[in-house]
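You will see two complexes here that share chain A, one where it goes with chain B and one where it goes with chain C.
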Partner chain A sequence: MSSEPLLRVENLKKYFPIKERLFSKKVKYVKAVDGVSFTLQPGETLALVGETGSGKTTTGRTILRLYEPTGGKVYFKGQEITKMPMRKFKKIRMKMQMIYQDPYSSLNPRMSILNIIAEPLREMKVNNIEERVLELLENVGLRKEHMYKYPDEISGGQQQRVAIARALGVNPEFLVLDEPTSALDVSVQAQILNLLENLQKERNFTYLFISHDLSVVRYISHRVAIMYLGKIMEIGTTEQIFENPQHPYTKILLESIPIPDPKEKRRKKIVLPGEIPSPLNPPSGCPFHTRCPYARDICKEKEPEYVEVEKGHLVKCHLAEVIK
Partner chain B sequence: MSVLLSIEDLHLNFRTFWGTAYVLDGVNLKINRDEVFGLVGETGCGKSVTSMSILRLLPSNAELSGKIIFEGKNLLELSEKEMREIRGKKISMIFQDPMSSLNPLFKIKTQMVDIIQLHHHIDKEEALKKAKELLKAVNLPDTHRILESYPHQLSGGMRQRIMIAMALSFEPSLLIADEPTTALDVTIQKQILNLILELKEKYHFSVLLITHDLGVVAETCDRVGVMYAGNIVEVADVHELFENPKHPYTQGLLAAIPDPRYKKPLKPLRGNVPSLLNPPKGCRFHPRCDYAKPICKEKKPQLISYSENHAVACHLFSSQGGDIE
Partner chain C sequence: MKKEEIIRVMKILVRNKLSLLGLIIIIGLVITALFAPWLAPYPEQAKGEPNLEEKLQPPSSKHWFGTDYMGRDVLSRVIYGARISLIVAVAVVSLGLLIGVPLGLLAGFKGGAVDIIIMRITDIFLSFPPLLLALLISVTLGRGLENAIIALAVSWWPWYTRLIRGMAISIKEKPYVEVAKSLGISNWKIIARHILPNAISPVIVQGTMDMGSAILEASALSFLGLGVQPPTADWGLMVSQGKDYLLNFWWYPTFPGLAIFITVVAFNLVGDTLREILDPRLRRRFL
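On to the complex of A and B.
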């Protein structure tokens, strides 16, 4: 961790206000993201992993200021961007792009592929737009014949390639990939994952890869952060998380992944009881204690601090402290 | 092992505005009693339509031919009235999205009692008692609260448990589960799959599990059929399929999925799934196949048994068990 991180997120918070009744003055908050911190080095992929409602997508969107953060700071190349005036931020924002889960709904159905990819280029006053679009299409493995088609005329995998080509057009450095392959079939998923990996090697892209699929995460990421109810429970390198998980939640999550090998069938596995609690009423103390098989009294009362079990491997659990 | 359901040479076409879509192209499969049979394949390969054909829940533009023999009767020859005695009673089905299978306007109580009274001729009181038993069987002990809830007040996992409870109300001999855990988180997926397996042991039904997730197949199924563009290309015992896949498509599929245990290079299949309006001649996989020979473009390969518990539909294999050249 010698060089300046590309992205530094410090204690990021996003609370959504909710009124109990239409006209009531009492406002409750959904703490979707509640104190998330991490750094990202250039050329690195950090995966944000968690179940539905863990706040992984909100974290990605808040970093890009698609949601204004409630608290905390985000530094992009050393510059604080959370409080920056929008006009100034827009220039930096070009360097940060987002790819969404459902490629079809992120492409305008009334625009040809050419126009979809050309739109940001026109904004940037690029010359020879058609040439540039063709180059971008070739970068993502599409051909000239796709240029004049419309989104509904191409397959899901090709739509996702178009979304990636559009993002590449503005020469970004940082991409938030929000479940980019969840809507795709496995054979197409492999194509897109390989494309993303090659682009990273060629252009030193930095990825924040949001996913619930741990098999994909193992394949694509360098570091992994496990989220639960708006908080990072454990963060470390992919090796550390998969080979030496410390947090009970991480352990159980890893055990729950179906493994494509029937020989693993006979292994006895822990099944996590219950479901993720509502972020409107998060449990006291450690947010995971209601489902944790190892929970003690202290877990109900006090929220655990991060413990560094190994260099770069942080765990938010009282038991990790005990083990240490 | 006795055969519970056998599908023979099932063809299904949809007449559409753009022409006829040849959706199922001679599907053959057998499901034994007390087994979990997995049907895997990518979007549009015909796995869901196969299950809908079994229940004859197809739109009016469908043309279905072939045989579906269930407990000695050909389902395609039954009258609509006879079919109603099969649906829900002998063959039940659960779907991917439990929210859209439950009526959002009625309490769980109303919906469950309705279903139970539909087939069992009992009064409301008794039906309610039965509903509570069923909820306990699917590990929802808080029966009172569940019964008084509307679907939106429950989580996805709970809704899927309720669907399973309703599917089991008549002790069916076949449960069709169409992507039952695709909308759920992994920890909940594990719970639901374990529940289905537990209930299967308890009530002795067979399961037809339709999924695109090879991990789920490996962990829950006894036998597997792999589908591609309306054909079953390979059927095998689950261990055999993963250790010794024969069809180039199965091999390609296995090479394309990431493994959570270690990082391995991913080899995507080239090309795309063909349009079923105009499917390739011969073997429908040949345009994407690295081993395609001239015969593959002309003649459709039949499903032949390669070894005991392993059948494959590919010209590269002879019935004596030859290998890829």
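On to the complex of A and C.
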């Protein structure tokens, strides 16, 4: 892989203001994304993994500036895009597309598949629109007969394929995949994942794959970042994270993957107590200390720094070296 | 709207007995209005020609609905009155939509200051009782059908603005609108292609129901001496003139009153069923 990253995210923050009462001036913030940093090489897939409310979707959306970031910087091909005027950024954003969790709601129910895929092509003054649409449909494994249908006349998997075809039309380089398979049946999930993988090989796409499904993540991603309360707790290659997890949270998440083997001896499972704390009142120190089985006094007081346990494997835990 | 969808909606409207009744009445009304000169037994009297020898005759084979204080055939005048009523209904609702829908889309899509300004303006209009406002404008503009229509439309549009603004706000958060933005589609095209077609259903329903109300309110204006002027045949005006004769010559105000009643009910029947079809939460019942 080349050394120039396609995407570099530095200390990205997104706080949502919440007004307490109608006329009170005190504003509280939900720190949905709180200092996230990572880089993405061209052709690479980074998975963002976390529970509901961990800020993984918000991270993806803030990178595309569907939410304006509160702080931090994002570089796309070496160019800073966070402070860029929207008019200029719109051109660059064509190279960055998003695939949504619910394919149906990402397609206008009143437009035919042809029009849905053709809309951006018409903006780009492409000739022979129908031919191009057909080509795109074939790229994602659909046929001509789907062209004149409406979104509610095709299956969820086909809807997701249409959404992917539409994104392909503008020749993107970077795709944010926001749980692209979690609304689909398991058999269809695999088809869509294979499609995404093949497209990546053919066109050297870079993916930010947002998911909470660890088995899917292990299958598709090159690197994995584990998020908790708006922060990355551990990041490393897929192998590092799955074979040698360092952070207690990662370990607990991995142990929660069900193994389809009745002979597998009953592991002692550590079940996470309670819910993810409210990002409105995040815990002091390490955000995970309220649920961490290994928490010590220092965890309540001081927020841990990242420790590099191996090359490219960073852990945000005081006890990373201690727990083994 | 898709062709198949329109056909589907029409099928359901016809299958439902009440809305079928409403549809038949409305279609009958349109036919009556279009062919009034051929349907009315005394078209000249409908246009105002007096016939003083036969004034205030009870219903008979010669004058099915009786005659008024100038001896004019009430049936002919009711038939001609359908024209005015339909013009009023269509004109008021379409003018209201023409003003209300673009403003509502703009307010909902843009948000912020644009939204606040537009919505405060609608609040000003909505703070008056609608008929009072229409009266006020009507008095200011002067009598006459056109002025009554303008007066009603001006008091009407804010309802459409609010309705479509709410829809626009919820639809602009949909992923497909976000995708359109990230694909570089301009705001105007997003509003026209993505927001409007998905936001219009409840407005169609409201508009259908409002046709009835517009006729009712225009009749009220005519009744109060604004709006349509004699000798034009108008239902509201006929009720107004006939009210003094109600006790001794019941047919005079009763038939035009019934015409208003039946028309308003017909529009409401159709509107009600349309709402049940187009409201996604109620949709299942028909699919």
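Assume the second predicted complex is superposed on the first by the 317 of 324 C-alpha atoms of A that agree within 3 Å, B and C clash if a C-alpha of one lies under 4 Å from a C-alpha of the other, contacts with A are read in each partner's own complex, and residues count from 1 in each chain.
Here is the rule we use: contacts are C-beta pairs under 8 Å (C-beta built on N, C-alpha and C of every residue); 3 or more make two chains touch, one makes a residue touch a chain.
Worth saying up front: this structure is predicted, and the values here are computed from it rather than measured.
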Q: Assess the superposed three-chain arrangement around chain A: do chain B and chain C clash, or do they fit?
A: fit
Q) Which holds for A:Glu275: it touches chain B only (first), chain C only (second), both, or neither? A) first
Q: Pick one for A:Ile241: touches chain B only (first), chain C only (second), both, or neither.
A: neither
Q: Please indicate which partner A:Lys91 is in contact with in the superposed arrangement: first for chain B, second for chain C, both, or neither.
A: second
Q: Give one of first, second, both or neither to describe whether A:Tyr150 is in contact with chain B, with chain C, with both, or with none.
A: second
Q. What's your read, chain B or chain C touching more residues of chain A?
A. B
Q: With the two complexes superposed on chain A, say which partner A:Ile164 touches: chain B (first), chain C (second), both, or neither.
A: neither
Q. In the superposed arrangement, which partner chain does A:Ala190 touch: chain B (first), chain C (second), both, or neither?
A. first
**Q.** Overlay on shared chain A, then closest C-alpha pair between chain B and chain C (Å)
**A.** 6
Q) What residues of chain B sit close enough to touch chain A in their complex? A) 42-43, 155-158, 185-191, 193-194, 212-219, 238-239, 242, 252-254, 256-264, 266-269, 272-273
(Q) Quick check: in the complex, which residue numbers of chain C touch chain A? (A) 1-2, 174-176, 178-185, 193-194, 197-198
Q: Could you pull out which chain A residues touch chain C in their complex?
A: 64, 66, 90-91, 93-94, 96-98, 100, 102, 105-111, 119-120, 123, 150, 163, 166, 170
Q) chain B touches which residues of chain A in the complex? A) 51-52, 155-157, 185-191, 193-194, 212, 214-216, 218-219, 238, 242, 252-265, 269, 271-273, 275-276
